[in-house]
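After this come two complexes, each holding subunit A, first together with subunit B and then together with subunit C.
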Partner chain A sequence: MAARWKEWLTGWAFVFPAVALFAVMGVYTIGSGLALSFASWNGFTPEWIWVGLENYADLLWADPSLAPGVRRAAWNTLQVCVAVPLLTVLISLPLAVTLNSVRRLRGLLRSVYFLPYVTTGIATYYAWRYLLEPEGSINLMLRSAGLGSLAQPQGWLANPSTALWTLILILVWSAVPTATLLYLTGLQAIDPSMVEAARIDGAAPRQVLRRIIVPLLTPMTAGIVLLGVRDSLHGFQIFLIMTNGGPGGHTNVLALETYELAFFKGLAPTLGLSSALGWLLFVGAVLLTLANARLLRRVR
Partner chain B sequence: MASMKARILSLAAAATVAVAGCSSGGGGQPGEPAASGQSITMWTFKQSHAAALQKAAEQFTAQTGIGVKVEAVTPDDVFKSKIQSAAQTGDLPDVLEAHAAGEDLELGASGLLADISGDVNDAWKGRFLPSTQNAGVLDQGRIDRAAADSPFKQAKAGSMYAVPFTAGAFGIVYANKEKLQAAGLSPDTPPASWEEFVAALKTSTEKDPQAGGLSLGLKVSQVGFNWVYQPLAHAYLGKEKFQGLFGKDTAAGFGSPDGVKTLDLYSQLTPYWMPGATTLGIDEADIAFAQGKSAYNVGGTFTLAFLAQNGMSPDKVLTFPIPPSAAGAHKDIVMAPLALTSLGVTSTSKNRAAALKWLDYVTSPSGAGLVAKESLDLPATDLGAEAATLMGPELAALQKYFTGDPASTYDAGDTTFFPGGYDQVKPGDAFVRLSPLKELDPAQAGKELDAIFGAMWKSAE
Partner chain C sequence: MTAARIARTAAYVALSIYAALSLYPFLWMVSGAFKTREEILDGGHLIPREPTFDTIVTTWNQLAFVDYFRNSLVVTGLTVLGVLVVYSLASYAFAVLRFPGAKTLYWLFVALLFVPGITVLLPVVILENRLGLLGTHMGLVLPFVNGTAPLTVLLLTAAFRGIPRELREAARADGASEARIFLRVYLPLTRPAHITIAVLTAVPTWNEYVLSRVSLNDEALYTLPLGLESLISGTVVRYNEVLAASLIMVLPVIALFAFLQRYFVNGLVGAVKG
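The block that comes next holds the complex of A and B.
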């Protein structure tokens, strides 16, 4: 009995620091954030004013100066959420298959394609801004190639019809390295004899890819899509740094709106609204994850 | 042991303070005296003020023996979150420099800044430019207009949470003299009207389509609305009709014939924005101007310092306020100086007397002049005839836009006619869609702006 008690105590002694840390840094902050979504607070007053579900109602429909902007941001977020994971998969899967089949300079090529991941996000966003300026390299290249009609005289981020899609492409550019790496890991785990058997049976490379490799990589695809959705829902740095939601609100997304409500409304008591929007994003992420998991299960 | 020592030392310091009996100097008579040998801390959100304040602090320490440690916390959102964290953990500094007539009042009403109305007497207030004197005072009107959940509702009218520190005005146009000359325009004569200004923009843009236009940081969408449109509309309509634009009555709003006319004037800028203006922040637009990427730039009186920091000599720019339309009610625009930043003593400060003494010094003509000269930022302290000596000729010259016919005076600090919970980003976005995006014509923009302000009034109810 004493030995079991001692074992139990030893176990808890090892686990306690992690549990305590999670209780303080995890449970407390999550609980506090959830509670804040039912309150009005500017971050400074000693007391919160409890408002019940008012923050959620204001964001969704009740406040005429807030809800329309949130809806526009939701539409932009949805476009990002669908386009980024989809394009990431469409680019990184063939890229990984190609890299996997390359025999010469494989290490170098993998390093080159992984480079966007290891460079700091904010620094690359600034670099992209220079490339996308009216006199930036992208326009310069287009004009040099005789495609001046495609160049954007105001820059790619100043034109409402190109701004959001330019940001989406940059997000895809930064997501492709991780996705490619995951696919490469998945490809190396596929039993080569399966591919070999298919080839002996006369399957063309396209059929091998479609009928064998892609289905076997479904778990990887699920992971990549989930990561893409998560990043698209929560990421706001690129929107803040590159466009600040502009021009004229055309690239505002929900995560940026959350940040703006928390820090850029003077000292108005909007932290509760910001928290409520954060929780709505969380619910959205959970629903999308469940839908994605279900869809992929059906495909499998 | 260390804690015991600290307690003994603080008790000794408190005893020294109690017996020293020295007053705050200047106009202030704080409730408790400050002691030599004390040290206070101050946070500012303005990087350009930190070195200047530290230099003033050295003078202050030499005079009083009180040390001052100044720390710049930038950008604004980091400053705000640091204050939030420090307020929760009780680690606020003794003095805060905040945005005047808004942020300082919010901090005070939230209990972070002390009410210093009993310490700042009339003589001290009398040092400041008249339009800035009460910037740190919470009046009943502001309490009445505040939303129901605003901390203002819990605060006492008449509380003074800060003294004005720097002042200035928005809507100052900076023109590159070399580019004006190259375009055949006079480098010394500002345009007399909006129409002349637009014609000059046309000339400079035709001469240099890539770098002859107007820069403004429209990535912060509200700057076009605040810095260009509002002074222009105020001069065109006169004060009463201008304020009517923002009211509940849409018959007098932005969609009214008068409102649409003002939007039409603003939209005349559309062909002349520098390429990519909507992707530039305020600082980036100023830098672009300093680098010669535009011929004109709109900013505030504070922009001169930033241009100088970025290599543009003040003598190479022609400055003038946004010119009024020749067809408008007023033929001049006078910019009422408003307090831009202010200084408050935190309510948790253990060194209140020393902090007030520092505020007293740094808002005195010598202290304010020293900071102004070092930071190239206009002080709220009226330096009178000594302005040019204390601040330098270029900075002093900007003050000439502050005086003139009271009827033509545009006061950006007057927010009494805005709806409670006024959010300038939403109308700012509509203005960007009007110009330069051309997604809305003036009549459509007028309707959209009326809808935006209507929603704000409804939300405020």
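The block that comes next holds the complex of A and C.
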């Protein structure tokens, strides 16, 4: 009995710091954030005004000055959530398979491919901004390659029709490193004798890839897609830093809208709206994850 | 040329193209940092005609970059330390110890993966304002540590579970305390996983902009991302200085990664297998 109590107490002692931190930073913030989503507040008045589900209704359909903007941001967010994980897999899977098939320079190339993850953030976003300017290196390169018609004279981020996809490609560029590394570890776990057996049975390399390697990597793909969708839904640093939602809301996403409503509306009572939008984002994340898990199970 | 040789050449061509793409903005960062104000406006050539150290020196001197650098080091260092101590202990308990509530707590921490950072950002700011933490470095470190909980607990618990239980039984038979088993047996064996977590925490913390922007007001406490931002907020953007500052900011992270790379990759392999 005493031994059992001792083990329990040890366990509780080990988790105590994590639970204490969560009690202060997590429980309170999640609780008060959820409560605030049912209230109207501008951050300065002493009292919250309870409005029930009004914030959610305003965001989704009721307020004509809000709902259309939210719907557009939702559409942009959806494009990001689908395109970024999909393109990441389409690039990093062949990249990892190719890298795994060569011997020389493998270590060096792996480090080079990982560089975008290590450097991603405000510094690299500014470098990309410089490259995407009207007279930036991307346009100059296209012109000197005789593809001047593809160059964007206003700059890639100022043109409403290219801005969102430019950002999507940069997000893919920053997501490929971890995905490639995960695929590489997955590839190294594959039993070489299995591939060898298939080859002896007369399977072409392409068949080996499609029938053996890709299916064995499915759990890895599932993880990459799940984390990719989550990051696309939650992350907005790149949108804030590179375009701040512009031009004209064409790169606005839901998380950025939540941020604007929380911190940049002055004395207007938008804090409840911001909280409500944040929780809609949470619901979206859960739904997308469930849909994804289902889809991937069917593929398998 | 044989078919195998052609295939290998094609593979290296494809691999080189993606390597160039990975390096692309970084190369321009280096190039811009060594150009003068006149040269950066004069066309898009990668290799500077008259490379100069002046840009880096001016940039370093004109803003309080030494301060920003130190602030970033303090915030990132404390965050990484906090994450390693707090979640290593908790993950060890989840993986090895048996006590009521272990499973519920574990799943609670993992489920937090779905709560977007932006959803709790505003409540964090309100709470810290009440506690008098807003605008301090601690006010950044605490939510950063808490925010890494889901992935860290997931990876470290998997790593601890990978250690054979017999080792613990043997150490206990020798009379070792739980703390001793944790420190002397489990921690050394899970070092790659801990280094992986350190890198996965340090990189985003070093680059964090959103919470820092809304909470830090005192310029003396600014971290590098905010210092960098103040370079670009003027009307005329001097890209050579912005790129020099960017280079100053990314070099330490690259150095850290180069140094820890071996462990990092191993840790990731262990975590994925676990």
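We adopt the following convention: the second predicted complex is superposed on the first by the 287 of 300 C-alpha atoms of A that agree within 3 Å, B and C clash if a C-alpha of one lies under 4 Å from a C-alpha of the other, contacts with A are read in each partner's own complex, and residues count from 1 in each chain.
Here is the rule we use: a residue touches a chain if its C-beta (ideal position, glycine included) is under 8 Å from a C-beta of that chain, and two chains touch if they have at least 3 such contacts.
Model, not experiment: these values are computed from the prediction.
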A:F263 contacts which: subunit B (first), subunit C (second), both, neither? both
Of the partners subunit B and subunit C, which touch A:S111 in the superposed model: first, second, both, neither? second
According to the stated criteria, A:A158 is in contact with first (subunit B), second (subunit C), both, or neither; which is it? first
On the superposed three-chain arrangement, identify whether subunit B or subunit C touches more subunit A residues. C
On the A-aligned overlay, A:D63 touches which partner chain: subunit B = first, subunit C = second, or both, or neither? first
First (subunit B), second (subunit C), both or neither touched by A:T243: first
Touch test for A:E135: subunit B only (first), subunit C only (second), both, or neither? both
Using the touch definition from the top, say if A:P215 reaches subunit B (first), subunit C (second), both or neither. neither
For A:P46, decide between first (touching subunit B), second (touching subunit C), both and neither. first
Using the superposition described at the top, list the residues of subunit A that contact subunit B and also contact subunit C. 43, 135, 263
Going by the contact rule set out above, which residues of subunit A touch subunit B in the complex? 40, 42-46, 49, 51, 63-66, 68-69, 129, 133-135, 153-155, 157-158, 160, 242-244, 246-249, 260, 263-269
Within their complex, subunit A touches subunit C through residues 7-12, 14-15, 17-19, 21-22, 24-26, 28-30, 32-33, 36, 43, 91, 95, 98-99, 101-102, 105, 109-124, 126-128, 130-131, 135-137, 140-141, 173, 177, 181-182, 185-186, 188-189, 220, 230, 233-234, 236-237, 240-241, 255, 258-259, 262-263, 271, 274-275, 278-279, 281-282, 285-286, 289
Residue numbers on subunit B that touch subunit A, as the complex places them: 76-77, 80-81, 83-84, 87, 102-103, 106-107, 110-112, 147, 149-151, 154, 210, 218-221, 275-279, 281, 421, 423, 425-426, 429-430, 432-433, 436-437, 439, 452, 454-456, 458-459
Name, in rising order, each residue of subunit C that touches subunit A in their complex. 8, 11-12, 14-15, 18-19, 21-26, 28-29, 32, 43-44, 46, 85-87, 89-90, 92-94, 97-102, 105, 109, 112-127, 142-143, 145-146, 149, 153, 178, 182, 203-204, 206-210, 214, 225, 228-229, 232, 239, 242-243, 245-247, 249-250, 253-254, 257-258, 261, 265, 268-269, 272-273
